[in-house]
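Structure record follows, encoded as structure tokens.
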Amino acid sequence: MNDSRHEGAGEVRPPTADFGGCADSSVVLEGVSISKGYGSRGSRRQVLSRVDIRAMRGRCLGLIGGSGSGKSTLMRIVLGLESPDGGVVRFRGEVLAGRSCDGARRRLRMQSGLVFQNPHGSLDPRWPVWRSVAEPLTVGAARGDRSRIVRRVEEALASVGLDPEEFMGRYPCELSGGQAQRVAIARATVNDPALLVADEPMSALDVVARERIMDTFASIRAHRPELAMILISHDLGIVRTIADDLLVLHHGEVQETGVAADVLDAPRSPYTRRLIEAASL
Amino acid sequence: MMDGVMIVLRSVWRRAEGRFSLTVLCLWVAVSVVSLFWTPQPITNTDGYHVWASGSLRHPLGTDGAGADVLSWLMAGSYVDLLIVVATVAFSAILGVALVSAMVARSVMLSSVSVVVVDALISIPTVVLALIVAVPLGASIAVVIVACSIGYGLNLARVARPQALLAARSEYVVSAAASGVTGLRILATHILPAIVPTMAVQLSLSAGTSILAESGLTYLGIGVPSGVPSWGHSLSTSASFVNVYPFAALWPGLVITVVVTALNVFGDMLRDAVDPVVNPRLRRDRTRAGRRS
Amino acid sequence: MSLEIHGLSMSIGSRAIIRDVDASVADGERVGLVGASGSGKSMLARTVLGLAPVDAHVRGSALLDGRQTVGASDEELADVRGRFAGMIFQNPAASLNPLTAVVDQVMLPLRIHYDLSRSERRDRAMAMLDTVGISNRLARSFPSELSGGQQQRVAIATALVTSPRLIVADEPTTALDSITQRQILDLLVSLVDDSGASLLFITHDFSVLMRTVTRCYVLDEGRIVDESAIGEMGGPASAEQTRRLVDAARRLRLPSGRGGASAPARKGGRDE
Amino acid sequence: MRFVVRRLMLFVVALFGMSILVFAALRVLPGDVASVMAGMNATPQQIARLRAQLGLDRSLGRQYVDWLASLLHGDLGTSVLTGRSVGSQVGSRSSVTFPLILAAMAVAMALGIPLGCEAVLARSPHVRALLHAASIVAGSIPALWGGLLLIMLFSRGSGLVGILPSQGFPQDGWHDVLSCLASLALPALTLGIIVGSGLMRYTRSSLGGLVSSGFIDMAMACGMTRRRAVIRVGLRLAAPQLVSVIGLTFAQMITGAMVVENLFALPGLGAGLIADVGNRDLIAVQSQLFMLVAFFLAMGFLVDILHRALDPRLGKEGER
């Protein structure tokens, strides 16, 4: 794995033909005017109102928003873990709304990987590393034999810069924050997913570990040009190094969306400007 | 699995309290097995002339109200108490795990019903349960086992519930579910292992408490019937003559207290010995398994 | 001199966590303490204030406003904490007392150190809450009903209400989102300067230090490996660990040209 | 508030369920209730008359409804043997049992909670280890043996110190308060120590978990010593769980209370119920058993409400 530091920002990919294009095969996951509210009649809290989100093959979407902006709820809806009040979710063109189409939801599950905020919280403390990483491989038809699983696990650990020999048998309590998060990334990518979703993967880590995770994401994307990725964060500084496109969310409404470079150079909404100012030196 | 048990026992043995509790427990099991074949005096023969005799060569711990040898009755009793403890631990474990699994089940109906059952019945004391069983069926070992199993099974569920919920709502379970692992498999591989430390402690405490309950219920006449030897029975018979022969009650009480203390200490030690997060030796073993499988 | 540390070492069992540290914070000075996680930076501050774990073994000397805290009795240390030194923790949700209203939390140090009437305590606490941007309407609410930013404002009010000589802030903004972080930092700096207290600011993120301190120490594996004014940090003269931290911090920030770095806001607006 | 209503409904449902269980338990008797109660050598006519007198000839459903109706009117039925109404028996017996339980609970809390805190806060590790060992051993003593030991030590007559009565309870009830209290002293102490050890172990483990929590650090940062912070803030945070455990040990204490009542020959509910079971007075047993069950279900209900009230965070969730 090239542990060499990328000088300056990771290479930002050129935009596809037109961002608002029709539903072509390059769109892995799409949410159209997603709305969601909580609470009973009296204290109705609208968390998301008519949000459009699109994850493109080979591109990384940075989903930016402060706490309470609804970004985690949006992720749960888009991944089929929660159903929206309004709007529709399509995975590779197949509509995901409602219980009826479990097929699409299961396919989405099998072809997407998840990384969470708290590294040690997302790994079962009683499982050694190799068993956590192998879990997605032991599901459904792709069960495969023991040696294939062990080989895939070793490849996955190597792809996140962890020496399999040293880390296979380790337990989460024997790992640093950065190492645990990289194990989580290995688990999320071991099944060659079409979509990788990372919810605030770096905010629980210190600066040095964050840089390491950033390089890990960059190398993962380098080895998997087809991978679509959604990186959720409240910090523009972290996201801009990896994201090709940006979606700024505030109080459940889309403030701004577009190619990362354009948004950073000419932010249109005042909220985006505050985010940029908060993330600059 | 077996080498896991050996490692846990070795970890318990490492500490002084662990050595004490393991020795007492092994002694108890050994005496129970021996008592099936041999006791110093056959428990059936009584000796009218030497009633309440203090210690002698023939009767090291003296004789009871009916002139029977106290030591033989205690040895025979240890087998009955072992039976009660093993049965109670087994049944309350099954009941506890079933209730905990129901409580973290995804179906809201199942989980809320199980919570209701536990919260409602938990406050009913063991003796009342025993009475409800004893009145129709009469005093028997089964009364003690049934009453204790229900009581401690509910208690196990109540105590293990927070850990189970914590695991069920954890991110590693969400990740497993998101990658398609079935609910049942999540329960077996993530949630139940998370409550094993709590269960180990609770079951050891319940084992100790069931011996105390046996002695209490037998004294009240709804536990072990009079013919059957048990520690509670030995303690009860000597209790009624305490003013006249105080030392007769000394031995049964001492045996119970030592064994229950050993069980409680064993429970305390298990809390750390069973959990791979706390017990590094367990981790080293699993890595070899990792390599082999 | 509000804080002088000479040859301070601390170990738990056989593990040495702080190794022979020398550091100082002058009156009214804002000093940073930076290091990767596990470098012992927050343990150093806790040890000085007597918050180290019960089984910790501490050697050396730490003078807080001239009073020796190493080897001091629990009562002496307790008297120092809250009166001469205030502390702000990383995660307010796990430190503010969840069962009492926020105004009672702010009144706690007053109740311990000063014998004021209940109404006097209440007025000072309400005034302090107002200063940090928490309106009286929220004073009676419980911490769990406030946002992360509001909870941290309450923690700042609690630390500053007895106008202590030294404020120790242990990664106060790490758990907050970026906009709230900027507001809390600006608020803390302005309040510390207003009260003339000195500040010991602990973090792993150099860019946060740029706006909050004038001088800083770099800690690695329990040892001070570098010390200089904040401007010169990361230069060729600085230690290797320092450069690693500065580079990593810089890579995770937008170049300062964008959106312009505005001066710290006076009091920080009342946020959401 | 919604929680209170839901919990009340749960209480009523559980009560109804248990009433069926108790009623059924007495009906599943091998042979017929009347013949068992009338005893071995009763003539068929006596059995028939008893059956009619108890209304056992009616259908099971009918008997259950009548029993339930009489319960609602507060009539617990009349005991066949003594002829006195069960209600009055329960009344007089509970005037012994409840003071005993309350005294024992007081002893348990007075011993359990402070020593539990000390087991966490004591400066020297030896003291901490000793307290923990004491709590384990005290919790392992059978109630019967504990009582015997105390009798050997303190009872008038054969005891070494001989200051306290070891048998019986003044006939004229609570007129002579002092001698009543004296006769309750040893039993309450026996029960209190055993229950106290469980409480002590629980206090130790819940406080132990809190000692290094952020809440204690905050309290210390405001100016408290660790000891004061753990007691002031730690105990307050552990209070909701502590109340549940106290409620639970209160219920588990009844097993010990019955043993102690029999050992010290106190005419309490426990001793009375066991005596009734002994001489097969099934109607009395049925009502008393149900009253006990009802009392403990009510206890559970109250404890849950108190638990919820003590922790505003839980309360808030319910409302919002």
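Here the chain labels run A, B, C and D in written order, and each chain numbers its own residues starting at 1.
Convention: a residue touches a chain if its C-beta (ideal position, glycine included) is under 8 Å from a C-beta of that chain, and two chains touch if they have at least 3 such contacts.
It should be emphasised that the depicted structure is a prediction, and the values quoted were computed from it without experimental measurement.
Path length between subunit A and subunit C in the chain contact graph, taken as the least number of steps between touching chains: 1. Of all the chains shown, the one with its CA centroid nearest the global CA centroid is B. Summarising the inter-chain contacts, the pair of chains with the most C-beta pairs in contact is B-D.
The greatest centre-to-centre distance from subunit D, using averaged C-alpha positions, is reached by A.
Per-chain CA centroids place subunit B at a distance of 22 Å from subunit D. Subunit A and subunit D have CA centres that are 55 Å apart. Per-chain Cα centroids separate subunit B from subunit C by 51 Å. The list of touching chain pairs reads A-B, A-C, B-D, C-D. Partner subunit C is touched in their complex by these residues of subunit D: 211-215, 217-228, 233, 236-237, 311-313, 316. Interface residues of subunit B facing subunit D in the complex, by the touch rule stated above, are 116, 119-128, 131-136, 155, 208, 211-213, 215-217, 219-222, 232, 235-236, 239, 242-243, 246, 249, 252-253, 256-258, 260-261, 263-265, 268.
Remark: subunit B residues 170-172, 174-181, 190, 193-194, 275-277, 283, 286-288, 290-291, 293 touch subunit A in the complex.
By the touch criterion stated above, subunit C contacts subunit D in their complex at residues 46, 49-51, 53-54, 74-75, 77-79, 81-83, 86-87, 89, 91, 94-99, 108-109, 112-113, 142, 144-145, 155, 158-159.
The touching residues of subunit A, counted against subunit C in their complex, run 66-68, 176-177, 203, 205-211, 214, 234-238, 240-241, 264, 267, 273-281.
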